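Heads up, the next two complexes both have subunit A, just with different partners, subunit B and then subunit C.
Our next item is the complex of A and B:
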């Protein structure tokens, strides 16, 4: 019987968040701090001929003005291709060109407007296919001339290809030849944005002895430390990063961006504290966004509808700089087929530069995009085979014994049970075959289904750690490098700790803020890996602690350590549970009745490093990038007005194999949140660029997000096939609600309107255009 | 363009206390609350009236404090989340209903809900709740939990 695992434990920080006491980066006191503001490029691609900062510098209250020439360093997590401030060339509209540091924000704003930049426009490339065309302008004159941080990035000289990954299995030519049904389709997904409600912001200050203190809204405090250290040649021990509460990340706060500018700003004013704030509009276009994607999908099946082969080409629009996009390209490649048994496969995934805002990780690391393509194609295949789309998926579901695209052998522990998810979602969503149902004139209801899967693609040597200390009352403090940005991971870690120590989770206090000088390194709070990585570290720290409690207990109780039990806040001998010592009396050593001291203070420590992961073979893609997969099935139900092309989303269902439900309510709400984000993205979100590549009206008034009243009835249910290597068997799940939503919505609408929708977002206008084209 | 840079003393009634602050004519109520009074519950999510994260209550009505100048707020009773004191039904309801994740939108939603209850002491119809809450965005939850919190808030009183 579990004491804490599987229980609905409230978020540890819940009350701080409803009383305004939870402090986010920009909530920290401002007294005396200087303000920095950015001037950004008004062109998507242009040479910078001249920058005149003289008037801005002369403004009263301005402390410094920086341009690209003040910062020769290049940045990036994988390839060093991005300047902090544009030098010589701007490669996307919104790229930071200059920065003003002033006594306050209004002054900085005013000075920004006084900077004059002379540009010479260059050809603009707005889609991956334009970028790949013969003779296309090279966005980076030396695509393969940049320093690579990782070896598995493969830029192609003389092209706009920043990297490419291949998956090869079996013989597709022979397999396609024997197919009865073949679907071939191109898909198009434009870039969109994370839109965490907290705009990115960072602060920096440099002490007199050179310590750089950075406070930032980041998912990656240790990457901030590492990248700033490497770029500015400052020993990492001199860089102290502090992350308070983060107001939503969704991958958008994983890259190191404003932190670099904050350090530059502080350095330019003798180390004084500076905060870099950007308005929402800049957060949307200057800071990294979600990738765009084009894809060519070809699926062949025999007459029973069993998939024989897939040939897939994915073109990722990574925008002007690579950031983490090469790894998103790799991630698409390793999950390229969807969760299906496919013996013959050829997949190329290309990461391509364009003049869009550069992209970064976005909830589910690009799987929301490739899944749209695969799962829409699956529905087209179902129509060709005259099969119920759900049946087609059950027939082809990946199963123990299958090989994944990167040729990892599937086992229940590794890939869970997709068939069970499909059977369960059938009931949950009241699936009725996937046909449109007319409910009154011009109004139909239809459901669409999609499967999801995702493995992780962390660095093969990613680490995590946990420290546990005791309070005098016997309660514990948990310290990790995990950022609290809403996912509830910290609370789940507290549950794991409570379970291990067999104490009430209320007795676990979690240090929410990350301080790189106090908390052990945790790779990044990304990839939904908190429970796996930090969870392992917490388990080890708990074991370490229990061991110490046993030693203290054995000495205090005068019995062998093997007989000692630790539970319910007590230490006792199994043979005599009545004679116990409470934690509070033993955790800081034990004082015997005669005053003599026994044992030592107890301190738990646990470290964890990923093991057994490999790079992918460059030719075949063979390799294992993550510990395991999470699979699931999702259904969206729409009610559509065939005349106006408008629709309402009635319900959205997800069944996911999460391995183990650690906290039913928090996991349910996290999955529903992902579904909501997916519905919002798929139904209305996209940057709209004009022909010159300038994003039009990037603000929350024109770029609409889902609001209350538009949300469907969310139905979430879980399957539990434990992952043997994970603490309590839990799989990653917190991003995954988003993955199949766009596809399921696309499938529902395609069924409702009797047309094939192949691009996002699925706005009424888009539907109308597709339908009018079909009718002409 | 004419610029007014000088500051004047503005007297604000916030959470039942009178505060004197020096503000420029162009200073937003949101910025004055956050930067001068240290009341940081109201958040700047867009400063354009689109997200509602900055919502406070003005004379019992919800107001986006990024759309209100500090000088305009004189003579009005302003309530922020800090003024709810941690015992209001709406706060309990949001915790019980698990109506937030990152929490950044929460202060704004709390104040809209508090104003909703002030104006509609009895639970209004669902469409009224939707109309009121459409002013605010939440990127983390699917709104289901927020809706539930509104119901719980009414049930508690």
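Our next item is the complex of A and C:
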């Protein structure tokens, strides 16, 4: 019987958040703090000829004005290719060019408007294919001239290719020759944005003895510490990072960006505290966004519809700088086929520079993009084979004994049970074969299906840790480096701890804010790996604590430690449970009735380092990048008006193999949240650029998100095939609800309108354009 | 954040408002009249305007009138869209007000601001163009009341320092047969790709448009076609596309061709509904 696992435990921070009491980075009232604002580039690609800061400097209240020449360092998590402020050249519209530090925000903003920059425009490259064309202008003159943090990044000199990954299995030529049906299709997905409710912000100050204190809205406090230490040659112990609640991250707050500017700003004013704030419009165009993607997909099947071969080329539009995009390219490569049994594979995934805003991780780390391409192509294949799209997927579902694209052998623990997900989603969505059904004149209903899968691509040496202390009342405090940004990870860790100690989860208090001087290092709060990595650390810390309680108990009760049980907030001998000692009386050592002290105070600690992961073989792609996979199947149902090319989404269903449902309601809502984000992204979101590469109307008046009241009927169900290496068998799941939504929507609309939609977003105008082109 | 300081004036009368405008101008300062401020805030924030002063007209009694007398409805320019909608005095104008922005902003945006602002749609102008409305203006040269269409030509033609005080709508229009159709890119709350507003007088359909072109308009030629019963609804809708005062407007919300497609569909079904007695 579980005490905490599998229960609907309310989020630990729920009340603070719903009452508005939760405090975020820029909420903290403070006086005596300076403000910094940014001037950003108005061109997508230009040489900076001259910057005149004299008028800005002369404005009363301005403390300093910084430009690229004040900061020669380059930054990036994988390749050091990005300046904090543009030097000599700007590579995207919105790139920070100068920063003003002033007594307050209005003064800084006024001063920004007084800076004059003289540019000379350069050729603009807006798609990967333009960037790869013969003779294309090189966005970085020495693509392979930058320092690499990791060895598995492969920039190609003399091109705009920042990295490339190859997956090779079997013999595709021979396999395609025997195919009865072949689908070949090009796909196009534009960049879009994360749009967390909390705009990015950071502040920094430098103490008199040189400690750099950074408070930031970040998913990666330890990466902030590390990157700033390396770039500015400050010992990492001198860098103290503090992260309060984060108001949504979705991957967009994983990179280190404003923190660097905050440190530069503070340094320029003698270490005084400076907050860097950006308005929403700058958050959209200056801060990193979601990747764009172009893809060529070729799938061949025999006459039974069994896939024989895939030939895939993915071109990631990483924008002006790499940030984490090479690893998103790698991530696409390791999951390139979708969750299908494919013996013959050739895949090239390329990370390509363009003059778009640079990209970074976005919920599901690029799988939402590659899945659109693969799963749309699967539906095209189903039509060619005259098969129900769901049946085609069951026939080809990856299964124990299959090899993944990177040639990892599938087992139930590793990949779960996709077939069961498909069978279950068939019932959940009331699947009807994927054909359009006319319900009245010009109006049809149709459903579309897509499968999803995702493994992780963390550094092979990523770590996590947990500390546990006791309160005098016997309740425990859990301290980890996990950032709370809405994914409920902290609550799940509390459940794991409660289960280990056999206590009520209410007796677990979670320290929500992360302080790098107090909490043990946790790689980053990304990749849905909280339950796996920090979960392991919590399990180990609990074991450590239980061991200490046993020793105290054995001494206090006068029996061997092996006889001691720890449960329900008590320590007792298995042989005499009535004679127990409550936690409160033993966790800080035990005081015997005669006053003598027995045992020691109990402190739990646990560390965890990923094991068994490898880099990919550069020729074949063979290797294992993550501990396991999470698979699932999703269906979207639409009602379409064929005359006006409009539609509404009726329902959306997901069945996912999450290994173990440790908190049904929080997991359901997290998956539904992902589905909602996916529907929004697929149906309406894109950065629109003009031919000069200038973003058009990057603001929330024009860039619309799905909002309350527009949501379809969300149906979520789970399959439980435990992952043997994970705490309580739970798999990564919190990003995954998004992955198949664009594809399922695309498949539903393609069925409804009888046309193949191959790009996003699926706006009514887009549908109309495709349909009217088909008619002419 | 508005990154600069500005002077805030709150006059109690029309004359005071105009006087303070003149005074500020004589001091070399720029001033804008203000009621709701939604557009002024946005533009100051983005840096596209930088007024030295705002003159708040909400405390001027004439600007907050909302009443019917002597065969006319009078609406003060500082009345909010939500007040107009909830008064139910002029249902067609209420429909227009109810589809501009969201409820929070409808409680802030004023009729005068929607008519005189820079956002190109000015959707409240459509019912006024169709209903033989008059408008009262006040400025350094005093007060004048003129037909709305005499000073509205896609946008308000105001003299320097002049501001809208009231609009006056004849009572026949308040109860007239009417239709309001607004089509957007995706959302209920958004700028119009196409807004078609119609009002019938003596069996004749009047129609005004915005979204389809870069400014709102009403056209005699188009109305002649719309009322030509010898043609089918589809043919009339198609012909209207050829009579637009300028090529269809296109931007990031929707291309001109797509707007034309929507206008044709919208007109065609509007005409059919009208002929089938559904309006």
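The criterion applied here is as follows: the second predicted complex is superposed on the first by the 776 of 776 C-alpha atoms of A that agree within 3 Å, B and C clash if a C-alpha of one lies under 4 Å from a C-alpha of the other, contacts with A are read in each partner's own complex, and residues count from 1 in each chain.
In this section, contacts are C-beta pairs under 8 Å (C-beta built on N, C-alpha and C of every residue); 3 or more make two chains touch, one makes a residue touch a chain.
All figures in this text were calculated on a predicted structure; none of them were measured in a lab.
*Asks:* In the overlay, answer first, second, both or neither for which of subunit B and subunit C A:106 touches.
*Replies:* A:106 sits against subunit B and subunit C alike.
*Asks:* Mind telling me which of the two, subunit B or subunit C, contacts the most residues of subunit A?
*Replies:* More residues of subunit A are touched by B.
*Asks:* Which partner chains sit in contact with A:199 here, subunit B, subunit C, both or neither? Use first/second/both/neither.
*Replies:* The answer is first: A:199 touches subunit B but not subunit C.
*Asks:* In the superposed arrangement, does A:14 touch subunit B (first), subunit C (second), both or neither?
*Replies:* First partner only, subunit B.
*Asks:* Does the superposition put A:279 against subunit B (first), subunit C (second), both, or neither?
*Replies:* In the superposed model, A:279 contacts both subunit B and subunit C.
*Asks:* Look at A:246 in the shared chain and tell me whether it touches subunit B only, subunit C only, both, or neither; answer first, second, both or neither.
*Replies:* In the superposed model, A:246 contacts subunit B only, not subunit C.
*Asks:* For A:697, decide between first (touching subunit B), second (touching subunit C), both and neither.
*Replies:* second
*Asks:* In the overlay, answer first, second, both or neither for which of subunit B and subunit C A:123 touches.
*Replies:* In the superposed model, A:123 contacts neither subunit B nor subunit C.
*Asks:* Kindly list the residues of subunit A that each of subunit B and subunit C touches, one partner per complex.
*Replies:* 106, 279, 701
*Asks:* Any idea which subunit B residues touch subunit A in the complex?
*Replies:* Touch list, subunit B to subunit A: 24, 26, 34-35, 38-51, 53, 80-82, 84, 86, 91, 94-95, 98, 100-107, 110, 130-131, 133-134, 136-147.
*Asks:* If you look only at subunit A, which of its residues touch subunit B in the complex?
*Replies:* Answer in residue numbers: 10-11, 13-20, 22-24, 26-27, 29-30, 106, 195-199, 245-250, 279-280, 485-488, 665-666, 669-670, 672-673, 675-677, 699-701, 705-709, 711, 713-714.
*Asks:* Can you tell me which positions in subunit A touch subunit C when the two form their complex?
*Replies:* Residue list for subunit A touching subunit C: 105-110, 113, 279, 281, 643-644, 683-684, 688, 696-697, 701-702, 704, 710, 763-765, 768-769, 772.
*Asks:* List the residues on subunit C that touch subunit A in their complex, please.
*Replies:* Interface residues on subunit C, with respect to subunit A: 1-5, 45-47, 185-187, 190-191, 251-255, 258, 261-262, 265.
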